[in-house]
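Some structures are shown below for you to check.
Heads up, the next two complexes both have chain A, just with different partners, chain B and then chain C.
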Partner chain A sequence: MKEGFRQAMAWLHTWAGLVFGWLLFAIFLTGTLSYFKDEVNHWTHPEIASHPLDDAAALDKAQRYLEQHAAGMKTWYINLPDERQPYIQVMYPGPSGRFANQILDAGSGQLAAARESMGGEFFYQFHYQLQLPYPWGRWLASLCALVMLVTLISGIITHKKIFKEFFTFRPRKGQRSWLDGHNAVGVLVLPFHLMITYSSLVIFMTMLLPGNILAQYGKQTTAIYDDLMPSRGVPAAANQPAPLVSLSELYRDFQQQAPGSRLGLIEVDHPGDANASVVFGRHGGDRIVHQIGYGRVYDGVSGALRFDRQVSSVPMMIAGGLYGMHMGHFAGPGLRWLYFLAGIGGTAMIGTGLVMWLGKRQLKHAKSARQPFHLCLVAVLNVMSMGGLMLAVIGFFYANRLLPFELAGRSGLEVRVFFWVWALSALHAALRPARQAWLEQLGLAALLYAGLPLLNAVTTGQGLNRSLAQGDWAMAGVDLTALAWGLLLAWAVRKLWRNVPVVKARKVAMSAEGEPT
Partner chain B sequence: MMLVVGLLCYAGFAGLCLGMERHYRDLVGRPPQARVSLGLRLAGSLLLAAGLWLAVVVDGGWSMGLVHWFAALMGSAMLLVFLMPYRPRWAVGLAGAAGVLGPALGLVL
Partner chain C sequence: MKSATVGLPVVYRLGVCSRIVAAALGGYVLASLTGISLAALVPLARGEAMISGMMLSFLVYVVAVLWCFACHSAWRAWLGLLVPSLVLAAVNGVLLWGHS
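Let's look at the complex of A and B:
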């Protein structure tokens, strides 16, 4: 390969990686957390108890609740409890147009008396919307994904010894180790990186590349979905009242027709109308291909099967496959942990890249007393985007436990705590010397992460002693992961503490050379 | 089953790794003979292929099997690469154990 091309790619990799790395780090970290969205939801709603799973009984409870509280609404959505989610979730567009999203206790079938919190949903939404108004957040996140794809591919081209150094990691060698680590997580987890980045673009493909759809369908862009899914439409309301079929009886029918299948999202259109429909969606855990909107459509009065919506075309299968692989709903516990670790790997790859960019340039200025402004700026942004984000994440968890239960607007306040902590960490990083800022922020983060199980035990009484004894692995898992992360951070702090900074080491070495012996 | 695929992949990568002169010298302490290197590389490739076969044909079909195999590849390679510099004996010991246990369990299951 021509050296000129490789150098051009190295330049692209360096600068695209730097400019988008800070945001990408946040996207990767929060996205990685989202693989345990349900577990985080469980942790952030400790009041909701688990009950033995019984789909039919849960359907009855959901139907009873919705008939009492949401009669006459156009559509109901129901999510049943499963191994990872202990509660029943019901959603419907309310009279004021606001979407009601309610959590029912799977035992009583009534509104669960739980603290208001977005829980894992916050990290999940943040990782593709970046807390910006629709559609700007999605566009920015997609731009980041595109740049990520560019940096991945330019990184592969730049990496000269991709096979020769496939198994190479040399610790305790300064910049060399950072580069080795960056390359190792980059290359060894490359299939995941490419899949996750490319699929994120596929997920938003109709938003990112609307040209074809606009050209074919003009202003009626939703018509494409009618073509893609011929049986998509459900009949309009007849405006004649008729009782809704019992959902649990429909479910028994469903179980006979498709034995072993689990229910995903359940949609009831025009409940209480003579033209009511019930759609039993497929559970994401049953197949890799993500099938939103697919499933069995029943007549909502007679209970007869109208049609079975299936993925029919190969392109839809590929797009759904990539979508499904990105989300990982199909993954059992083992694979889910690997997803999580691969996500951490991606996050680490971005982080090591940012650290290296700075370290390499700081070496050049090691002799001067003051670093140039742009390097100081990058140093601040590095601390804030990595150390600060980790503090913000754990801040969210602390806010979940420490904010008063009854506080109005509680879940919004949790989110604000996240951003306040992040902003404070940026301020702190700007005011302190870079090495001190790293030590202090990582040190504080180590304490907070390691202390999370203790906080949980003190504030809810559902600490590790209880969750482990009861086999509540979601609750214990969050606690233990936080503890492990805290220990990892503590190790990093210790390493950083003992490591004389490069700049200082140079100075010491130079003054030592100058001294007469 | 995924654990067995993981064992096969780990042993396979260890074979490929030891098949490289530098890593062999680091881990074993002396330079390898050319035939040993070739044998290790061959065995490594075969073990990786066995992992693929187990994941796809025996276990999950193409869709689930490929996902499991790639996950096992990534996980085992990361484990090997970051174990080697810190605990080289464990890395080699685990490779030996995985090289025996993986195929054995694969045949039994």
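Let's look at the complex of A and C:
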């Protein structure tokens, strides 16, 4: 690190990128999938039918269900159906402390007779919790985000001529092509990368910087909620029974006050108590600024409005805006696809970086029969973190269709299939030569991804023939995206198959100069 | 950086380790203190001031990490984090003392 600023930054970029690249690849890929969380949920719950949207009727159904099944619970949470989510979701902390999360059919208002699956929620939670217990997963994911930000900035510094080089692409030139691709995708989606990485830290800021809270508030914990999450300031239970106001009545008031705006999360505190409260959150799709802990707060017995707070100050707008931009709830179909593509771009940038790190060093050992151990290790980790993860993801989708409907603990088993497939791919990568491991894992992945529409058609009868005819774009979209991804992987396998290993390629290049190898 | 595993002196490797610790822990302390100081100094409501400080903290953290690997020696990396941290801690101490 004595070589000067840019060399030092290149060193930092290289090593921070390598050490955290594998985990970052997984975070970016699963995070990217989460932009279509609702669509994946729809695919993984094919039994749940869509019904015409009617917020007031859905609220009545949710209230009826909860009064029958969750009376006396401390808090209820309700999510209404919208154009992307066909069902009513109700959640409440159960008597044993376990959080109940139930899916109701929007038509009948009863538990939907659907297969048990975490669906898109699994990928979403994985991308910030990494399947680790709270709060360690979030801390590790945040550390990854910080390192990502450091790697981005040091990468920009390293590539001084970044915008000029952006227009340079030298295809079929081995290592140079990887570098050009890495730079091109890095620069093209740079604003997205910076936004998504910085905002992920802002999302978790109160967890990450407890000292800052302590310095401002000391022990006045209630004051924090008053300032940051005013809707949490609801009165404690009076322990006197009183009937809960009709939620659909409150909804009519909500509609009068803010015509056309939609409901987000609905929270009912102490239902059935004289001090009950109802909090109407606003729908994330209505505004970029994400407003957790803000909303219209009603008295849960009389139905009188207690207060209505929206994010208004500039710092809160910036923080909430970053939060909202990260989540992308506001994005319509076009922008959502752009988010998805930008996420894929980020994933590809990380992947090309990992491949390049290894390729560059392998070249130096090209003449020796055996590669040094650390390069073999990186090769195995590269295959399992990229090829293996793609297999694990598609394995989850296959498990969703192939595990028996009535199986106990089904949704947990789907998750275990994901990790089993991932572990097996790591084992496979360790046992096979790197090139073979890549070919076999990507080849299998290509088959599985391309075969997903067929599996769906055979197991549910909601294949492309039906979903396209009915205009069920969420179902068809998942099928078609998997098919397209399978074709892309098949193309990659073909390229890799034809591409002779490095040592031979050099000789070929020397013997036939000028011709593309 | 030609061969990562062989031929590098122990001092160099210790230096890298020291920089990593400085970046992770020293950077965190400096970032947090910067956020705390900003929150204490800006004329905003308490929650807004805190949020502003926190958002700044992450930027300071990134710069601190870059600093740790850009400067000439591990000692300088530590020094560059400790001196501003101590100054900020002193400023906060004075502010706190002034309030009470």
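Note that the second predicted complex is superposed on the first by the 487 of 517 C-alpha atoms of A that agree within 3 Å, B and C clash if a C-alpha of one lies under 4 Å from a C-alpha of the other, contacts with A are read in each partner's own complex, and residues count from 1 in each chain.
We adopt the following convention: a contact is a pair of C-beta atoms (placed from the backbone, for glycine too) under 8 Å apart; a residue touches a chain by one contact, two chains touch by 3 or more.
Keep in mind it's a predicted model, so treat the numbers as computed, not measured.
A.B. asks: Putting chain B and chain C onto chain A via the overlay, clash or fit?
C.D. replies: In the arrangement built by aligning on chain A, the partners chain C and chain B fit side by side.
A.B. asks: Can A:Gly321 be said to touch chain B (first), chain C (second), both, or neither?
C.D. replies: Touch partner of A:Gly321: chain B, not chain C.
A.B. asks: Which of the two, chain B or chain C, is in touch with more residues of chain A?
C.D. replies: Of the two chains, more chain A residues are contacted by C.
A.B. asks: Let me test your reading of the model: by the given contact rule, A:Gly343 touches which partner, first (chain B), second (chain C), both or neither?
C.D. replies: After superposition on chain A, A:Gly343 lies in contact with neither partner.
A.B. asks: Using the touch definition from the top, say if A:Leu201 reaches chain B (first), chain C (second), both or neither.
C.D. replies: After superposing on A, A:Leu201 lies in contact with chain C but is clear of chain B.
A.B. asks: Is A:Leu188 in contact with chain B, with chain C, with both, or with neither (first, second, both, neither)?
C.D. replies: A:Leu188 contacts chain B only, not chain C.
A.B. asks: Mind working out whether A:Ile288 is in touch with chain B, chain C, both or neither, as first, second, both or neither?
C.D. replies: Only chain B; A:Ile288 stays clear of chain C.
A.B. asks: Would you sort A:Ile224 into first (chain B), second (chain C), both or neither based on which partner it touches?
C.D. replies: second
A.B. asks: With the superposition applied, I'd like the minimum CA-CA separation between chain B and chain C in Å.
C.D. replies: In this superposition, no C-alpha atom of chain B lies closer than 19 Å to one of chain C.
A.B. asks: Which bits of chain B are touching chain A when the two form their complex?
C.D. replies: 2-3, 13, 16-17, 20, 23, 63-64, 67-68, 70-71, 73-75, 77-78, 80-82, 84-86
A.B. asks: Any idea which chain A residues touch chain B in the complex?
C.D. replies: So the residues of chain A touching chain B come out as 164, 166-171, 184-185, 188-189, 191-192, 288-289, 321, 325, 330, 334-335, 338-339, 341-342, 345.
A.B. asks: Quick one: which bits of chain C touch chain A in the complex? Just the residue numbers, please.
C.D. replies: 1, 4-5, 15-16, 19, 31-32, 35-36, 39-40, 44-55, 57-58, 61-62, 65-66, 69-70, 72, 92
A.B. asks: Where on chain A does chain C make contact in their complex?
C.D. replies: 1-2, 5, 8-9, 11-12, 14, 146, 149-150, 153-154, 198, 201-202, 205-206, 209, 211-213, 215-217, 223-224, 227-228, 313-316, 318-319, 361, 372, 374
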